[in-house]
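Across the two complexes that follow, subunit A remains constant while its partner is subunit B and subsequently subunit C.
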Partner chain A sequence: MKKSLVLIVSCLIIGVLLLPFGCGEKVKPIKIGINAPMTGDIPKVGEGTKFAAQMWLEDIQASGGLEVGGKKYPVELVIEDNESKAESAVKANTKLITEDEVLAIVGPQSSKQAVPAGGVANNYQTPMISPWSTNPNTTKDRPYVFRGCFLDPFQGPVLANFIKEEFGYSKAAVLYDVASDYPKGLAEFFKQAWENLYGPGSVVAFESFTTKDADFSSQLTKINRSGAEVLFTPQYYNEVALIVQQAHELGWNKPIVGSDSWGSAETVKLCGKDCYGLFFSTHYAAAGATGATKAFIDRYNKKHGYIPDDVAALTWDSLRIVQEAIQSSGQLTGNVAKDRQSVRNALARIKEFDGITGKMTFTEEGDPIKCAVIVRISDKGEFEFYKSVCP
Partner chain B sequence: MKATSENSPKSNRSRARAFREYFSGVPLLGWLAGGLVAVLLERFLGTPLAHLLGLPKVPVLFGCVIILKKPLLIPGTVIYLLLVYVLPVGIVARLCGSVINRLVSWLFNLSPTFSVIVHLCLLYGLLSIWSGISAYRLLTLKLTLIAVIVTLSLNIINGYMGEFSCSHPGFMALGAYSASVVTLLLFVDDRVFGAALLPEALGPFMFPVALIGGGIVAAVGAIAIAIPSFRTRGDYLAIISLAFMFIVKSMIENLEIVGGPRGLSSQPNYVNLPTLFLWTVAAVWIINNFVRSVLGKALNAVRDDEMAADAMTVNTRRTKFVAFLFGAFWAGVAGGLLAHVLRYVNPGTFGIQKLAEVLAMVYFGGLNSVYGSIVGAVGYSLLSEALRPLELFKWIIIPLLLILVMIFRPTGLIAFKEFNVMNLIRPKGKPIREESTSKGGVLIRS
Partner chain C sequence: MEFFFQNLINALQWGSFYALIALGYSMVYGVLMLFNFAHGDIFMVGAYIGFGVASALVGFSAMGALALPNWLILALTIIVSMFLTSFVGMIVERVGYRPLRNAPRASAAITGLMIGIILETGNLALLGARRVSFPSLIKSTTYDLGGVFVTNKKIMIVIVSLALMYALHRFVRKTKWGMAMRAMAFDFVVVPLMGVPINNVARMTFALGSALAAVAGIFFGVAYPVLDPYMGVLFGWKAFVAAILGGRGSILGACLAGFLLGFIEIFVPMIFPSTLRDLIAYSIILLILTFRPHGFFGEPYSARLRL
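Presenting the complex of A and B:
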């Protein structure tokens, strides 16, 4: 027993000696939480989020901190991995709010995490912006939760109108993943918008599949036979490549149109020449961008070696919105609960915020009013700006 | 005892044994009292002590998160843990051991049931003070308790019955959705089902009914697997149950009435710690009684040799059927609790990832053992929470640990061990053992 006592005492002494290294706190930093899927199904999304957030932090650090009410505060990012799971996102948000005492949270990205995590943020009265979540429930009846992207009820009609104006077709086919929240929602909104334009029955094929399916030949054959003039498929990058390639193999030579989920750096890499010349709607266009957008893209590309996708751009914008809200909230009291309240009020007041994905104004629900961009995949595989559609 | 510890050869094993013996006279109540002192200490002195040691806050989850994120704070964290947890627990347990032992034997002679209740009250007090310090701790604790129920319910099928069932996420989904639909329909004004049908005040009282309803729905779902699959054996059940899991998931995804892939949200906040604690205790108690009953023994006989069991007049079909439905029932209850803790369910939660998690907890803890399930669920949940700052490396460390467990203890950490409550609360005069000393798989002497 003596030995263990000696061991404990010596541990204590060593600990006390090492203690000064752990101490040393000056001005209380502003903490911003990032709740991102670093592991799990969509690690690329988490990576983009993290890189954009780190770039933002570099900017702040380069200018010596965030100036609020005439005083400079250092900024700290707390990045939590939500493993692409609902429970983990809830845990991560709870930890960020109660343990790390962050002032505001950016994330989670996908709706299946943003909906429950938004509930937590709202309960603890902490402002949260989900850059990428499109589920209406994320922000509905939650005064503290905002989002950085437009919603599907807006995107569906935008695409339907674009196809009408661009091609003048009247028969459309839709192929979507029935098991995934986002494609399903968007497919339905598109169908509704299309039928408003051309009347019932104008969507001649409304075919579905399930997540992780890799063979779409039966659905595509049906679509081919249905006499559709255009195919709309609101899928993620890995499925887009498969669908487009298989459609071309089956003899489909009419246009294929996509949604903002196409806007990943991986789409063209996986899809290759098959995707050249296709259109999709998204938040911003990388090729041919100007001004701040171009500066962001170039910087990101230089640092990480690829063109940032929309998640990175939206995260960047969300962080900038948070920054602006903190700065325009006037003054930080040091009392986190009070500061969160004033940041949330400042967020709700933001008008015509000039982001790299367009101008934003928040509605009552915390959803932004912003423009969508139609992008054409060029013959070099770049996302070219084609036109902009505003609400 | 002191003499043995000083004169023993200096091998680690004997030192560990000496250490164990030093504390062997401490009954469970002593440990609980020590824990209670530790958490009270943390409650009242934790924050100043943490500041004194240079820590930003009281370390949650025993400092793992701090250690991994800011290595410079390791010494402070270690001192904190020593001062707040290790020393008080050790000192109280050791010094008050004899007093508490007398108290325990008095309690035990008075009425074992009363003694159990005293133990549970102490345990609850300990947990509620511990989790009262931060909401993050509370959430982790809640999800851990739910994991205990799920793991136990799967252990009935995979451990005691010896089949390999993959349908547990499916049962949980059935339970979660049924319970959510009941509470949302009856007690909450929400967007999917409209206005509440019953007054909101009734909700908390009717919640157990909703949970049991969820469990029953899950059990009914289990019949769908049980009937066709019990005609076959072994791997076939695994395949059929895996298919069942996907069927449930796709079914919910396509049921617009419960929100489809978007899921259901805004469940009422009924699951507070006392409720969840009671449900967990009930689950452990009922499942433990089940596996120790005649039916449970028959189940073991069926697992070891179905033909022989049949010859010994065990109704093998009925035994398997009941056990399977029983396991599914508790999985459904756990699903209902989970839905009301997260206050959101979507079908995507109940997929392969969940299955892997539950299976890992069962096999990590130990087959055919209530102890093992508790250790596995608590260990896995805390470990995966504590290692979260490592991001990707977490998914290397945890599987690696699982592989090591499978190599050195192929049936899990604490397998094939009975959970005997009477032995647990008995006064300790002679060296028996404490919960964590599982090595050698000593059976409890009664």
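Presenting the complex of A and C:
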């Protein structure tokens, strides 16, 4: 009895003595969560996210950590795979927030994952910034959710106006995936913008399919017959290749126009010559870039052997925005909930940011206003800058 | 009118895939009375093996080691992949099904699902998550027949598929091995006692089904040149629907139902909005099954299954 009491007391004393070493000496690292599609339908998007994030981390580590309030903190990235699925993105966000206790989250990339995952981040009051999600619902009524790119209500009219000016056509067809937030949203915004230009009924075919479909012959046959002069398809790179090739095989020789989801390094690889000469709107054009954008592209290309796509550039910008917010939040208390709150407030205070994907001004909703770029796929399969469209 | 014919041709191509895969389900069921749920993934493995063989041959050809014309590369790819994939099928049978032959049917069905997941994730581990693009072996030429657009690929796919189905029919009807298969389908218990080597027949059935799935996989790669490790899942389910619709264990039924499924999937979006395609297509099939619960050529008693 006596012996055990001595043991407990001595343990307590040792414990109390050791306490200051445990907490005081080491600085708690800043954890940033990355929620990206490493596997699933669009793994190339996940790869670009990861590479850009690692490059950002290298810079931070090279300068000895992130300086906040006169103190340098080491930074850790926690990368979670969302398998390009909505439910996995929700799970990944929940894990990042509750288990890994990250300060902020960058990602998910596509709206299909970012819309539901944004809800989780907002409920847990954790700042999240989606670099690539263009659907308005991602940030709508969610004070903790931000983004690094323009929105579909802007992209839709940009494309409609571009087609009008470039080709002068008045009858358009749309083919989109009805089971995915991004294509569905953008298809509807495009339709709206087109009908504003040419009146109701000018979208002569509005055809859909569901994720994982490979055969689009019935939809394309219908589009062919509708008398459409141009086909708009806001799909991801794996479907773009199939749609464009099948359209050509079914005798479609009119233009096909795409959106920012086309801007992956894989698009031309999978699609081949069929995609040469086509146009799409995106966030930046690698060919002909200058300044910081060029420095980023060259560094990425040197390290990974290919030109970074828009996802990588936007991820880079988003991490820089998060970095600026953390630094301008004043100081970190070590209490995650409090720090998240102050980082969120600092994010909301950022009004202007000069990123490698252009200058952006932030609105109340946490959405940037920035220019879009129209890119032409050249006869060598490169993404060529064609023109810039600003709001 | 040309609108109808255009869809008809699209449907023939789409139906060929379902028919080729449904045959694999049907044959295995006919002989062993179990559904090989890994079959959709064997289709995926066939497509990837085809991709590997074709890439290797194209590589050799480009290096000048053996200058082969593209049609020959395709023919060789099909033959080599059929062999390799049938080995995969035999391994699946040996590892997954033979130890469970006397186990409850549910266990064997679950085995199939597990093997399917192993094949998918194994592929993911081996080749990574990125999509691969099937080499374009035949240059796509589009013929305009009075408003109906047909490509040389489509013609080849439909004709070769039909030829293979006919060959299978002849094999089952006219050869000794085919007779053994039919006998097994007739009585699973007594026929082995008469000296029919059950293991060999089972192995051969799997090999045949897998070889057909390999052809479907390669043609899929030719027509839709983007491959991913999960391509066989949904496709396998739909082909399974065709196998049931045709009548379990019926070769002719599986072919017809495969084409019918293709026709329904292509023609439904012609009349209804494409958003409702699968909803309406599979409601129609449900309706057919309500009136013909054993499918087109299936019969109520398993002992009377026709192969």
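Keep in mind that, in the parts below, the second predicted complex is superposed on the first by the 354 of 391 C-alpha atoms of A that agree within 3 Å, B and C clash if a C-alpha of one lies under 4 Å from a C-alpha of the other, contacts with A are read in each partner's own complex, and residues count from 1 in each chain.
Methods note: contacts are C-beta pairs under 8 Å (C-beta built on N, C-alpha and C of every residue); 3 or more make two chains touch, one makes a residue touch a chain.
Model, not experiment: these values are computed from the prediction.
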Tell me the contact category for A:266 with respect to subunit B and subunit C: first, second, both or neither.
second
Applying the document's definition of touch, where does A:251 land relative to subunit B and subunit C: first, second, both, or neither?
second
What is the contact status of A:221 with respect to subunit B (first) and subunit C (second): first, second, both, or neither?
second
Quick check on the superposed pair: does A:80 touch subunit B, subunit C, both, or neither? Answer first, second, both or neither.
first
Could you look at A:180 and tell me whether it touches subunit B, subunit C, both or neither (first, second, both, neither)?
first
Spot which of subunit B and subunit C makes contact with more residues of subunit A, would you?
B
Which of subunit B and subunit C A:119 touches, first, second, both or neither
first
Going by the contact rule set out at the top, does A:210 touch subunit B (first), subunit C (second), both, or neither?
both
Quick one: classify A:38 as touching subunit B (first), subunit C (second), both or neither.
both
With the two complexes superposed on chain A, say which partner A:310 touches: subunit B (first), subunit C (second), both, or neither.
neither
Can you pull the subunit A residues that subunit B and subunit C both touch?
38-40, 43, 178, 210
Parts of subunit B lying in touch with subunit A, wherever the complex brings them together:
2, 5-6, 19, 22, 53-57, 60, 65, 70, 72-73, 75-76, 78-79, 82, 87, 134-136, 139-140, 143, 191, 249-250, 253-254, 260-263, 265-266, 338, 342-344, 346-349, 353, 385, 388-389, 391-392, 394-395
Any idea which subunit A residues touch subunit C in the complex?
38-41, 43-44, 46-47, 178, 207-210, 212, 214-215, 217-219, 221-222, 224-225, 238, 241-242, 245-246, 248-251, 266, 269-270, 272
Subunit A - residues contacting subunit B, complex
1-2, 4, 8, 11-12, 14-16, 18-19, 21-23, 25, 38-40, 43, 80-81, 83, 85-88, 90-92, 94-95, 97-99, 111-112, 115-116, 119, 124, 135, 137, 140, 178-181, 184-185, 210
Of subunit C, residues touching subunit A in the complex
3, 6-7, 10, 13-14, 124, 128-131, 133, 136, 140, 142, 144, 149, 151, 153-154, 220, 223-226, 228, 230-231, 234, 265-270, 273-275, 277-278
